[in-house]
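My questions all concern the structure below.
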Amino acid sequence: MIDALVWIPASAGCLAFVLPGRRSREALLLGTALAHAAGVAIAAPALGARAWGGWLGLDALGLLFLGVTSALFAAAAVYAVGYLRREGAAVRADFEEGFAFSNEPEAAFVGCLLLFLASMTLVTLARHQGLLWVAVEATTLATAPLIYFHRHHRSLEATWKYLLVCSVGIGLALLGNLFLAVSAAASGPTSSLLLDDLLANASQLRREWLEPAFLLVLVGYGTKMGLAPMHTWLPDAHSEAPSLVSALLSGALLNCAFLGILRFVQLLGAAGDVTFAAGPLVAFGLVSMALAALFLVRQPDYKRMLAYSSVEHMGILALGVGIGGGALRGALFHAVNHSLAKAMLFLLAGNLLARFFTKRSADVQGALVVAPVSGALWIAGFFAIVGSPPFAPFLSELSILRGALAAGRSGVAALYLALLALVFVAMSALALPMALGPAPAAARRGREPWSAIVPPALLGAAVLALGLWLPAPFASLLDRAAALLGATP
Amino acid sequence: MQLLAGLLFAPLLVGLVRRTKAIAAGRRGDPLLQVYADLFKLARKGAVYSRTTTWLFRAGPALGLACALAALTLLPMGGTSALVAFPGDLLLLVGVLALGRLAMLLAALDTGSAFAGMGASREAWFGTWTEPALLLCLAALARVAHDSSVSAVQRALGPAAWSASSGALALTAASLFGVLLAENARIPFDDPTTHLELTMVHEAMVLDHGGVDLAMVELAAALKLWVFASLLASVIVPVRTGVAGIDGLAQLAGVAAVGLALGAIESTTARLRLARVPQLLIGIGVLAVLGVMLGAAPEVGP
Amino acid sequence: MTLLLSALLVLIAGGAGALAAWRSERTATALGAGGAVAGAALGLVPALQVLAGMPLATLDLPWSVPGGRLALGVDALSAFFLVPIFAIGATSAVYGSAYLRREAGHHSKAAFWFWFDALLAAMAVVVTARNAVLFLVAWEAMALASYFLIVFHHERAEVRRAGWIYLAATQLGTAFLLAFFAALGRASGSLDFASFAARGSGAGALFALALVGFGTKAGLLPFHVWLPEAHPAAPSPVSALLSAVMIKTGIYGIARTLTWLGPPPQSFGVALLALGIASATGGVLLALGQRDLKRFLAYSSVENVGVIAVGLGLGLLGSSVHAPAVAALGLAAALLQVWGHAIIKALLFLSAGSVLQATGGCDVERLGGLLQRMPLSGAAFAVGAAALCALPPFAGFPAEFAALLASFRGIGYGSLLPFSLVAIAGLGMVGGLAAAGAAKAMGIAFLGEPRSPAAAAAREVKRAMAGTCAGLAAASIVFGIASPVVVRAARPAIELIASAEPGLDSALRGLEALLWRVGGFGAGVLATAATLGLVRRALLREREVRVGPTWDCGYAAPTSRMQYTGASLVQPIIRQFETLLGPTRIEAPPVGPFAAPARLDQRAPDPIGERGFAPLFAAVDSLALRLRWLQSGSTHRYVLFLVLATVAIFFWKRG
Amino acid sequence: MRSLVVAILATVLVTDFRLLGGSRLAAMIRIAGVQGALLGALAAIAAGLRADTATALALATMTVKGLLLPRLMLRAIRRVEIRREVEPLLGYSASLGFGVLALAVAGWLAAGLPLPRSDTPALLVPASLFTGLAGLFLVVARRMAITQVLGYLVFENGIYGFGLAIAHEEPWLVQLGVLLDLFVAVFVMGITVFHIQTDFEHIDVERLVALRDDAGGRRRELP
């Protein structure tokens, strides 16, 4: 049953390549997004379901990320309809350097988008470490053409860096998975890379292989997740990709890589060796936060700003998981919050780009005047992403802080707070002046299309609602997901 | 009692000072009662007001005089309690004096005159130093007397207190005398008789006042001098027989002595350069701090 | 509690209604301002009830966010802070509805009222929250709402900059509060205020965190830098609300913290006293040099908050040596100042707003003669200026009296002697400097001749605005005379802070009696002055009264440019402190026979901002720029980082 | 049989050093192909698999790694007329020095990783780790994009070699993973490189550094 969640977007994706006509492709995209969301809603109560002989399965952790992915994809799909109509296939002039370029064929774009969804769904459903790895690799394959949508040299460069750096990372992750296989081989004849088997026999896993396996996977998937210092591809890819792709990359793809790491944390936890994971996770978390914060200071490009902010938040996630306990639950909550808020901001960045024709934040001013809804949402999104109440990231960041203090790590907590404050100061100096002030004459005014406003508005409403009220099913899902990783509530 | 004495004798004190100076300078000087005559003459005059001024200019002198009178009601005479006496009235004394000063400052600025502005500037400047110094003096007295009411302080500052903490009281008295000089626009801080515009402080502020307003200003100034002199006399004349008359007379004598001393100083000292004034005032403040520190051993418990 | 909740609802509804009615400015204003006034009136009732001694049920509902509970309660301390929030809130709303009508531009007045009402509601929740998450949410909502109010005129670059400084400062402060609450909740595992029990160890660190966090909001000295930027940038009714009420939530936070940390050690009192004296003297010194009336008032707020901190410090010192008289007087001084300063600063900021609207500027050197042109607003400002100097019988004096009396009492306790001396000297100094400042603000801006055509053309502002100021002026006199009523109202709050020190109650009753006398005396002074005024009038009745130009030693043709300027008025004072303040003058004297025109600029630097925070930010900035080579665009390097990270982590965990 | 395995592994090591010291692009691509073919042969004899599985695996590997990928890359360089020198960022002798060091490190790492099955050739783990390190070195220390792809290919050869050590546990998944990875990486990267070389000849394609943060001129004043 749950395998349909993979099949539907996969087949739709293949179909999109051959389907003629824009309308039909739009219908396919929206229909698949809707079907996927509906499928997730139907599958949600059936936690524990298995398919493909145990290679696929739905647990709390997977459902958490699957739900986010599905929601984000729905938002991006709606946005994409308007976006593709605006972009068109004609040759256009680049607004930064003035040369002419054309876009990728729309069919390829939509098809890759749908395959991207399929591969991400596979990541969240995979119950086999090898399959998980294959799925993560598949996301790379599906996203490369998406980043190279605008066929010009900057996006090509970004794609190239994305491919090269992430492939090396993924290669390391593969090595890690091979190490895991060695570790499992020692545990008996029934060994396999099926997660359920591994968890059941976790105590017999060989530590001397399991631990390096974790380190390799941490670095490998960490590259894809955007942990510093392996994050280097991320600002380029996020800034050059179309905004809705950036939204999916930042909001959904990074989470998928994070899930890959979490599966190993789960294994280490089951093997009683979770303390081994703590140190590297906290270290990568803090380094990511610190580097991102420093690169946010005076960051001239607002899409890169959002990208570095993603690095920072991935650092927060790693930190939270590394600390464990209450911080772990906070980190999972934060992953959801970050996805919603960041996707919202990237979509809005696309709106601003369409109005101001520049990615330099210094040249964007008076968004509230030029595009009142996008401007207001941009401010709201800014406050959400930096963790101001009443938005949900505040709650998750507070949970992580409390977790750190409860674990007796005052130094880490102090550093964490200081870096959050630095990020706030740096980002507020960039993001707020974009919305405020008088508008430049060059900006395009006029009514904003609903497809460009409704998705970010809904994402913003979601992140606001979660900041005010956690629905009981969501809270219990968080609890169960955290329990899978060994956190005692 | 004090109110009566103050109203009666304050102009006399001013006259006494002037007379002393005159004699020291080898002149005969005005009659002692000349100040009264001046005041009456002014009170009967008409007035010229600047177009620039507002009601504040007219209210200033009245408020200033009211403050001086109020200060007077806080002062005891000869061991009897003052008209208004309660713990903490020392602070009220400082408060009303400051209110009077602000009233005069604003009235001066209301004229828009450059001289008045200059006077106000200097008055405000000195005030920033005299106010803490005065408070510290009073703190020292309160410490010795274990009370923060002027009346109680006066009662307590008898020979016993002097013998117990003579050093503290002497320092405080010296400091208080310094504050008196500064607050009342006396040499070496200001020259009450000068009319060289660039050097004066208090007089510059009242240049535009005339008639009954000037009378009020002059009377207020005289009363202020009386208040300080009387306070100082309470410290330096530790005659506490318990008989109000004798103590009162002793206090009056003390006031007179202060007046004579003032005259003597003004005859022998030159006015300080403006820039040096704060240094002297800080010195006065330090004396007061020492006075507090040297005060009686701290009491135990509440 | 129902009333408080309905007050919050009315506020939120008013704000939302104003936003919904954004098409019609008039409707939006009516809904927004009306909502603020109605909500404030509703909210005042429970606050006053509690102050009158009627306990109020607390609200405690589960809240699904981690660590959160929807817990609200109004105890004496909350109620004491609620009263100014609602009272000044309503006053500012009334004033603002008239004020905003003349503010041109493309600003959304609907948004203004939305944030205004939201700010009131958030402040009310801040002082009544009984759960840390709820508190922090309200605290940040307060910061956000005030930020949007401050950047109302965001078409001006300096306003945006001021808003950013405010936002950054408040966020840095909040970081400390996050740490504070998280650490406080660690022992009990809960973030409910009720579970924050006294803890022996670590209280000092907790108090330090709270002091920085709340001190930033309150505007205590090293953390005050946002205040002189934000308050002048905001529209005046907002400045009034910020300065009179919002910064007091920082004081509330400190007071609330003290109820959790158990009997305070001496160091708490010393810290507060030190911060307080530094803020009071530093604030007033920095205020003196300002040309902008609203900036002056903002620095003056730093001073006044400093006086509150001095009061708290003295109170805690008294508590620490079990001197109930000192404790009671100190804490009473602090709380008296909370109300007193709320009235004074609201009055002054609103009057400054009237000046701004009447003349188009707030630079005192371009004002003058306004008392003649705006009699009611000017008179109100005069009262406010006198109150600002803490003179009897105006609103500032009762607190000053109590604080000084506390220090005088403190002299009697050996260990408190040095602190008392510092407090006395500091407060005395502040009093003198404040008088100079008030003379500058009042004397240069309102008196004398107008220094610019705009000032000469000024007319009295709308009746609603001038009337509001006059009402506040009257309130400031009434407060100065009837302050014992406030002490009585504050008594249970003081007992909460001082954790039931024995003897506190009688000391407070004693203070009430004293303050009645002080008030009566002050009233007497005013009455005497009035009588003297009558005497004067009687004397002048039969005399010739002429009106002419200012005599000014006989200059026949005075111009307004010959007047003493504000800068020269305070110049001798400022120069004495140049070592602290940094250079205040930029001089280019004429040189040589064919000299270029000479220049003399007076500046009013903020040494903390210029020599403290600016270099710090510059250092972070340069560090950030120096690391940029990491992102050099070279894939070779990027892969190298990846490999190095792998190698490093293997050496760390496996080496 | 055992000596044959050792001989193959030793040859792999030699190819690694040849790659580190190589300067002619086409030759290096061929060497990498040879390396892939050797590993394919290794799969057939050393993995302890059933004969049919082993044969299939070896054939697949040899085809893809030994023939397909090198041909693809050779075609790419012929089509777009890339310079034939590899343009080292680090000199050849230093590269060889690094090789010696990396070999030592690989040996040290392998010593800490005892394989569960005793019948695995002892040289397998250090040789594959070394190959992986050599590949990464090529990615980092050779300037051109095409050599980075080549380096990646060698890196993957190393991982593949390691995968042989456990091929009996997870035969299909491991190999499929490796091949898929290669497909993604080399195929997509190849296309990308092709694009880089053909579409944008006017740009200095060897230095893809337009996207960066250290550009000095683009500073923004803090408000």
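Things worth noting here:
Chains: A, B, C and D, in written order; residue numbering restarts at 1 for each.
What we mean here is this: a contact is a pair of C-beta atoms (placed from the backbone, for glycine too) under 8 Å apart; a residue touches a chain by one contact, two chains touch by 3 or more.
Model, not experiment: these values are computed from the prediction.
Distance between Cα centroids is largest for the pairing of subunit C with D. When the interfaces A-D and C-D are ranked by C-beta pairs in contact, the top one is A-D.
Rounded to a whole number, the gap between the C-alpha centres of subunit A and subunit D is 30 angstrom.
The mean-CA centres of subunit C and subunit D are about 67 angstrom from one another, to the nearest whole unit. Rounded to whole angstrom units, the spacing between the C-alpha centres of subunit B and subunit C is 35.
Averaging C-alpha coordinates per chain places the centre of subunit A 43 Å away from that of subunit C.
In subunit D, 112, 136, 139, 148, 208, 210-211, 213, 219, 222-223 are the positions where the chain touches two or more neighbouring chains simultaneously. Across the assembly, subunit B contributes no residue in contact with two or more other chains. Under the contact definition stated at the top, the residues of subunit A that touch 2 or more other chains are 160-161, 164, 168, 212, 235, 295, 298, 429, 433.
The complete set of chain-chain contacts reads A-C, A-D, B-C, C-D.
Contact residues of subunit D toward subunit A in the complex are 112-117, 132, 136, 139, 145, 148, 152, 155-156, 159, 162-163, 165-166, 169-170, 173-174, 176-178, 180-181, 184-185, 188-189, 192-193, 195-196, 199-200, 203, 208, 210-211, 213, 218-220, 222-223. Considering their complex, residues 160-161, 164-165, 168-169, 172, 211-212, 215-216, 218-219, 223, 229-230, 232-233, 235, 276, 279-280, 283, 291, 294-295, 297-298, 326, 329-330, 333, 369, 383, 386, 388-390, 394-396, 398-399, 401-402, 405-406, 410, 413-414, 417-418, 420-422, 424-426, 428-429, 432-433, 436-438, 467-472, 475 of subunit A touch subunit C. Only residues 157, 160-161, 164, 617, 621, 625, 628-637, 639-640, 643, 650, 654 of subunit C touch subunit D when the two sit together in their complex. If you check the complex, the residues on subunit C that touch subunit B are 323-325, 368-369, 371-372, 375, 378-379, 382, 385-386, 389-392, 397, 400-401, 404-405, 407-409, 411-414, 417, 420-421, 424-429, 431-433, 435-436, 438-439, 442-444, 447-449, 503, 513-514, 517-518, 521, 524-526, 528-533, 536, 539-540, 543-553, 558, 560, 562-564, 568-573, 576. If you check the complex, the residues on subunit B that touch subunit C are 43-56, 58-59, 61-63, 65-67, 69-70, 84, 86-92, 94-96, 98-99, 101-102, 105-106, 108-118, 120-122, 124-125, 127-136, 139, 142-143, 146, 148, 197, 207-208, 211-213, 216, 274, 278, 285, 289, 292-293, 295, 298-299, 302.
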